[in-house]
Structure formats: C-alpha cells, structure tokens
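In the two assemblies presented below, chain A is common to both, partnered first by chain B and then by chain C.
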Partner chain A sequence: MIRTLSWAYLAVAYAFVFLPVAVLVAFSFQDGRLPVPPFKGVTLDWYAKVLGNDDLTAALLNSLLVAVVSSLVALILGFLAAHALARVRLPGSALMRGVLIAPMTVSYLIVALGLLNLFNLTGLRLSLLTAGIGHVVVNLPLCFAITYAAMGDHQRSAERAARDLGAPEWKVVTLISAPMLAVPLAAAFFLSVTFSWDEFIIAFLLTRFDVTLPVEIWSMLKSGLSPATNAVGSLVFLVSVTLVILLELTVFRKRP
Partner chain B sequence: MSLAAKDRRQAWGLLAPALVWTAAFFILPFFAMIALSFAHMEGREIVRGFDPGNYTRIFTDPVMLEALRNSLEITVVVTVISIVLAYPLAAIIAFRVPACWQRLALLLAVLPFWTSYVVRSYSWLLVLGQNGVVNKTLLGLGLIAEPLEIASTRAATVIGFVHFFVMLLTLTIYANLIQLSPNYARAAQDLGASRWQCFTHVILPLTLPGVITGAFLTFVLCIGDYITPQILGGNTELTLPQLIMLQLGRSGNFPLASALSVVLMAVVTLAYFASSRWLRLDRV
Partner chain C sequence: MTAAVSIQAVSQRYGQATALDRVSLEIEAGEFVVLLGPSGCGKTTLLNLIGGFTEPTEGAILIGGRDMAGVAPKDRPTTTVFQDYALFPHMSLRDNVAFGLRMRGIDRGKRAAKADQMLALVGLEGRGDRRPHELSGGQRQRVALARALAVEPDVLLLDEPLGALDLKLRRQMQDELKAIQRRVGTTFVHVTHDQEEAMAIADRIVVMNAGHIEHVGPPREVYLQPKTLFTAGFMGEINRIPVAGGRAPFGPVDVPDGTLCIRPEAITPAGALRIGPCKVEDAAFFGAHIRVHVSPLAATDLRLIVHLPQSQSVEHGGVLDLGAETWVVLTE
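On to the complex of A and B.
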C-alpha cells in the first residue's frame, strides 16, 4: 500500500516538475503563430528564425563571455583566499570568512542596486564589464566556500612537505594545491558558469547596449507568446543539460 | 623574520584580492545604499542628507504596505508548500529507489532546474494561461465550462515558485536523509516504535537542521525575486522587488528604491535570526 503510494507520488512529482519543460519544448515545434494548443504540426522554422537572429546570437556570445571570464576571476580570488585561510591562523579569520560569504545571503537585486548606484557615482559606464563585476561578487562566495570546504589535513601536509623542500609559495599553489583540488575547483567553476550564464537581474540592471541572453529573452517576452521564445528556451535547456550530463559523467564520477 | 610571520604575510597577500573585491563591490555599495536611503528627491534631483521620509512613507503608504504584505504572504506560503511537497519526494528517492538508481532519480528530479530562469516562468504561462494546456485539457474533458483564470494571479506566482523550490529542497533534504545512519531507525523500531513514530521522533528531528536551512534559502531567494511575480503574477498585485524595480524605472527614485531594499534586507535578517538556531549554512 505505502509502496504503491510512494511510486504514485514519485510519478506525480516528476510530471509536475517536467510539465513546463515538456510544454516549452513541444510547442517550439509548433507550426503556427501561438505556442498553445491545439498543436498544428511540426516545423523547424522557429529554430531557423532564432539561429538567424543576430541580436540573439550576439547576446548568446556575450553571455558566454561574461560567464566564463567572471567565473574564472571568482574562482581564482576564491581559491587563493581559501588557500590562505585554510593554512594560517590569522587574527579575525572567522570574521573574514564571514565577510567573504556575506554576499551569498543578500538578494541579487540588492547587490545589483548597490553596484548600479556605485557605478552612477563613479561614472563607470554600464557594459558587459559592469555586469561581470556583479557576477564575480555573487560567485566569489560560492567558489570560496566550495574550495575551502574541500581543503583538508591531507592537503595541508602535502603543501608543508613542498615548502620544506624549498618550493616558493606560487609553486606550492600551482603545482600542489590546485591539482589536488582539481575536482572541487572544476565543480565551483562550472557551477559559477551556470549561475552567471542564467543570471537575469544583475545583468538587466548593469548592462546597457550589449546585453546577455536572459536580458535579450526578457525583451522577447514583451511582445507576447511566440514559438520563437520556446525555441530559444529549448536551445538553452539543451546546452545546460548537455553540460550537466557531461559533468556528471566526468568530474563527479570519480568521487568515492 | 620568523617563519610564522612570513607565512602570515604571504597569507594576507593571497587573501587581499578577494577581500578588496568584496569590500569595493559589495560592502562599500551596501553602505552607500543605506546612506542613499536617507536622501530624497526634489524633481529629478537626488538631495542627500538625513531624511527618514522614505521609511515613514514605506510604513504608512498603503501601496508599499500592501507590497510588503504580498511578499511576506507569498514567500511563507511558497516555503511551506515546497517543504511539504519536497520532503516525501526526497524521502522516496532516498529510501525506496534502489541505491544504484538514486543519483539518476535525483538528477532527473532537478533537471528542469537547468532551464533558463526567465524561460521557466514563461513556460508556466503557456501551461496556465487562458488558452494554455491546463485549460484546454480541462475544457476538452468537459470538467469546466469556462477557462480558469490562473495566469496573472497570485496562484500562478505561487505555482511557479513552488516548482523551482521543490527541486532545490529535494536536493538539500535528500543530502540530509542519505547521511543518516540506518541504525537510528533500526534502533527505534527494535524498541517498539511504529513506522510513523520512528519518523516523527527520530528521522524528522535529525533532518530538521537541513530542512530549516533549505527553508531559509527558499525564503531569501523567493522574497527577493522579481521575475516570477512579474511574469506570472500579472500586474494585479505588487511584490517588494517589483515595487523596487518600478521606482528605478518610472521615476528614477533611487533613494526610495534603496530604502525599500534596506527593508527587504531587514526582513531577511529577521528570518535569519528566527532560524539561526538550526541553520547550517556551511553545510549546504
């Protein structure tokens, strides 16, 4: 009885979770002007239209650029800070951990608003760079927390051994710490990329002429329902899922 | 110089970039925002000073109060429903699904998590809209005579949010359940506890920190979100983030937007202290 109920619940839960995605993908093939029932037949026109749209492809490239560069910066800053805090007891290290984690507990909207005000005051023009700065702010705590949590005694002794044998600090970091932490570093990087790639509110408030993909999709929504939006959404989903599956099969597989 | 002192100096050097970044682009703007919330507008000019007028307005203007209330109501309802739905899902995956299929089951349960955030809300519009899948199906089955008005209501906002947070909470609760040693449950049952007693007296208290942590995350992300209520809720009622965006767009009223953000922060801080006894943010 409970067994049957469990499987029924599982089925209903999966149906609920997949319903919007299924509808999104199904109606991206709609041979008609509206992505709602009745389904009028299959066409790839909307995909052709979307892939031929210069604004969208430009936004896609912008998104990739911002995601990769901001995640790299966040990863390097977060990793170095974690390395320092895990190694030496500094006065106030609990406070510093708190400061580095703090942006995680604040709404993205507030981070964006604060930066918008700052850039207005300093006269820095809004661009992909300013959006990227915002993304580093929110991804730095994530990268720091993941790499900090992954550092253990085993790692510390290997680093100490390298130091005792005369390695300068930069060699310890690049030849010992980083390779030993390859898996958590990769996890932090790809998590940051997926967050940044999909982030809307910071990118919306901190860009002006060159925009990222979520912002471009947002402006598509203003003209109402269209299978073109479904096609873009399905493509983004396809890319993200491919990335997740690749990660699952490579990086996370080796975990004991 | 002693070795320890050299170590410490190097550590500061490694720490400095991250600290400077956080100070310059998070802490400084944050305090600037608080200062700005005490400024006011004269025409289109921002006049700085110490004027608590924005705050008196927020707590007296019915529009602002209603937005605050809407945000709180929606967030609490979403948090409760999401936990109630996600807990059994996580438990079934952890205890019923064979171990070798669990990772796949979990991966599938959160797969739509990876659709674009903006697109996910839009998809719900296709499902719930006047001519959407739900209405067309119910009409076709003859269960309703008129299309239901779900899109552009609070119900749509709540459904959109619940969909997202069920996935998030399933992940955090599952991570908690799977760490429990089966011996606790076995011991309880050896001592004569029924299945239900075992759950309420052993499993649930042990997973409470994980659940509260997930609830706190849900609260923070939900109350600060602009997209879902903006796309799904229509413009019948406003939430706090929508009100903030309106101030930025229409009137360029940065001081009021800042004051509203400070209030939003204060609400989150209160939620933090209410749940801090059980929070394990370092173990998410």
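On to the complex of A and C.
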C-alpha cells in the first residue's frame, strides 16, 4: 500500500514538473492557429516556419555564441581564482572568497541594472559582448565554487611533485591542476552554458540589435500566442536536455 | 648523477618556534643517509630545505659545492619521493615516470624508453600503460621512486616513503630501496621515524631531536655506542642504571660515573660486566627471543629487561646469574 502510494507520489511529482513542458511540446505540433485545446492534428509546419525565420536562427546562433564564450571565460577566471585561493594563504583569503561568491546571491535583475549603469558610464554600446559580460558575472561564482570545492590535498601534493620534477608554474596548471579537475571543470562549464542559454533578464537589458534566443522569443510572444513560439520553446528545451544528458553520460558517469 | 650535500649551520624558525637550530651535516656523494627522529624533531624540515621547498632562516646548503640559496625546487639537482606518492592520477605510469624528462625537453620516444627502463628497475616492467589507481600501495611507491630517479638527480630525497605501507611490505621495500641505491649510485637522503628501517638501509644514521642533531654514525655505532641518552633510548629498548662513586645499585662496577646503558640482548649469563644473580619476575616468548623482566637480588627495586635466546630455560621466580656483554656509560 505504502509502496503504491510512494510510486503514485513520484508520478504526480514528475507530472507536476514535466506536464507544462509536455503540453508546450505537444502544441508545437498543433495543426491550427492557436496552441490551445482542442488538439487538431499533427503538423511540422511551425518547425519549418521557425527554422526558416532568419531572426530566430540568428538569435539561436547568438545564444550559442554567448553561452559558449561567456562560459569559457567564466570557467577560466573561476578556475584560476580557485587555484590561487586554494594554494596561497593571503591576508583576507576568506573575504576574497566571499566577494567572489557574492554575485550568486544578487538577483539577476540587480546585476543587469548595475551593469547597464556601468556600460552607460563607460560608453560601451549594448551588444552580445555586454550580454556576455553579464553572463560571466553571474557564472563566474558558480565556476569558482565548483572548482574550489573540488580541490584537495592530493592535488596540492601532485602539483608540488610536478614542480619538484622541473615543471614551470604554467605547466603545473595546464598539465597537472586542470586535467586532475577535468570532471568538475566540465560540470562547471556545462552548467554555465545551460544557465547562459536560458538566461533572459540580463540578455534582455544588455542587448540591443543582436539579441539572444530568449529575448527573441519574448518579442515573438508580444504579438500573441502561436504554435511557432511553442516550437521554438521545444527546440530550446531539446538543446538544454541534450546538454544535461551529455553531461550525465560523459562527466558524471566517469566519477569514480 | 650524484653529489655531496653540505649543510652549514642551518636554522629554521617559524615565528617563535625553532624547527632547526644551527644544524650542520656533511653528506658524501653516493651515500645513503637516514634522518631519524620522532615527529617534530626537524627531520622533514631539513629535507624540505634540501629540496628547496622552504628557504632556511639562517645558514647555507650546498649541493655538489653549489650554494642553493634562492634556487627553486625545479632548478635543483634534487627530486623527492613523497609520503603520499603524489602520482598524477590522469596519466599512465609511463607518462608519470617520464614527466620530469618531458619538462627537460626530451623527445617522446626517448623519454618513453627511459620510463620503461625505470619501471623495469623498480620491478614494474610491462605495466607502463596502467593508471596509478590500478596499483597497490607498494606499487605506487615504486612508481614514485622510478619517477624521481628518471631525471637522474644528484640527490634523491625520500620523505617517509614507506610510512603508509604495512610492516611486511615495508621490510621488503627497504631491501629493494637499498639495492636500487647501490645500482644507481645517487645520494639518498631518507626521512623516517622507524629506527629499524633506518638501521636496515642507512650507510649513516642522523639521529635528530628537538631541532638539533644528537648523533651521526653508521647503524652499528649509533645502536651500540650512542652518544646521548636520547639516541640510546630512541634506537631501541635500553636499561639505564645510575652509577655513582663506582657503585651501581646491584654492587660495585668498574665503569666511570654516569648512566650505565645496556641493551636487553647484551645481558647474558656469560656477560663480562657482572650484574649478579637476578630473580625472574616475568617472562614472555617473543619468537626470536624470550623477553624477561628481572630484578637483581642485591637491588630488588631495579627492574631490568633482558632478551634471552629461545634455548634458555626461564622459570618464573627462578634465579639467573647475569652479566652485560656490551655497555656504554653516558654522562649527561
């Protein structure tokens, strides 16, 4: 009895989480003008329309570019900061760690507004670059926290051994520290990519002519509901799910 | 390939604490020297100073006649075998062993050949493609040794390399370490707190205590003719008998005043320095010997530990007439 109930609970919980997505995906195939019941039949027209839309495909490529580049920058900066703070005892180490992690606790809206002010002051034009900078700001603490937590004593002693065997500092980092942290680094990177890929507020406030996909979708929604937006949403979901599954298969499975 | 190490009045202080206090030591090229002492005696500090991981507060360290002040570990003619092995988990054994050669710009083919040769030296031939996590503790230690030796250092530093191994494996590795050192001829400086290990492998033992050197000498000398009470006690069990005015508690003895130190196995029925009849208080069979607690009849307060051969018949409450074969008198 308890067993059945717990299975039922699990089913309800999953339904609660995934029903909206399922509905979104289902109505992206709607053979009609509106993505609402009744379901009138299956068509791929909306997908054809979406993929034929230059603005959307441009936004999709922009999103990919911003996600990959900003995540790489956040990863490199976060890793180097973690590497330094895990190795060297400096006055105010704890404070520096705190300051690095702090942006995590600030809402994206505030981060975006702050950056907007800053870019206005410095005269930097809003573009994919500024949105990318915004994404680095929010993803750097994540990358820092993940890599910092993964650094341990055995890594420290392996680095010491590498120096003892004649490795200059940049080779210690590239040949020993980074490869030993391959799993957490990959995890941090993929998480950053997914966050950046889905991110709306910062991208909305910090872009102007070239926009990322969530911003493009939002502007589509302004002109009313259409199965086309469902189709775009489904595509975004597909990419995110693929990333998560890739992460699961390549990175977490290898964990000893 | 090998070089002498000269440690000249080296001190190391951390704030108020003194880890090493004006330590001087000459190590010959090709020598196997063991730094021995309890934890906190400064032996690891001294090893780190030779390896360049820390700089001395005072004094100089010369390797092969060259002053090492300000020379980073990577530029020193030393390599280290670490207690926790510190192997690179993401590399094959061959790449681990070849790492130092790679840093020296040796091309891939040559360094792979050298790495395989070093793996064969430590008894791991044909396993170059394995990863460190596939190995046992003893095998990992061998890889660490091969990796440190592959770059042909002048001086190899070993930081309690056998500390994490079980006793049987440790004894076996000691023999191998000694054999490898003879073959390569490199100067070995080995740190341990295990006096049996020290005696098994060392050409010379450096006994350290509280930041200074107590005694430097070959194992036989350090064990049989210790210069200090600390060395006497640290090298193994010892009976300490106060002597004043030519008298020990059990009677007159023909030795100078001081502390008469006698090893348990040096006390036998035939020993020349007579202790006299002793009552057996307690006896236990230890395999290689019988360990007996006795009290001289002339000094029942005094308890001596005696190791007698297995063949000796020992009875509780029985009386044995004993004497010391070797002894040393210390006056500190």
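Convention: the second predicted complex is superposed on the first by the 256 of 256 C-alpha atoms of A that agree within 3 Å, B and C clash if a C-alpha of one lies under 4 Å from a C-alpha of the other, contacts with A are read in each partner's own complex, and residues count from 1 in each chain.
Methods note: contacts are C-beta pairs under 8 Å (C-beta built on N, C-alpha and C of every residue); 3 or more make two chains touch, one makes a residue touch a chain.
Note that the structure is predicted; figures quoted are calculated from it, not measured.
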| item | value |
| --- | --- |
| Chain B versus chain C as contact partner of A:218, first or second or both or neither | first |
| Which partner reaches more residues of chain A (counting touched residues only), chain B or chain C | B |
| Chain B versus chain C as contact partner of A:48, first or second or both or neither | neither |
| Partner chain in contact with A:246 - chain B first, chain C second, else both or neither | neither |
| Partner chain in contact with A:166 - chain B first, chain C second, else both or neither | second |
| Contact footprint of chain B on chain A as seen in their complex | 3, 6-7, 9-10, 13-14, 16-21, 23-24, 27, 34-38, 76-78, 80-81, 83-85, 87-88, 90, 96, 99-111, 113-118, 120-121, 133-134, 136-137, 140, 144-145, 149, 169, 173, 194, 198-201, 205, 213-214, 217-218, 221, 225, 229-230, 232-233, 236-237, 240-241, 243-244, 248 |
| For the chain B and chain A complex, residues of the former touching the latter | 7-8, 10-15, 17-19, 21-23, 25-30, 32-33, 36, 85, 88-89, 92-93, 96-97, 103, 105, 107-112, 114-120, 122-127, 129, 131-133, 136-137, 163, 166-167, 220-221, 223-227, 231, 241, 244-245, 248, 254, 257-258, 261, 264-265, 268, 272, 281-282 |
| Residue ranges of chain C touching chain A (in the complex, touch as defined) | 51, 53, 72-75, 78-80, 82, 84, 86-90, 99-100, 103-104, 133, 147-148, 151 |
| Complex contacts: residues of chain A adjacent to chain C | 153-154, 157-158, 160-168, 171, 175-176, 179-180, 182, 256 |
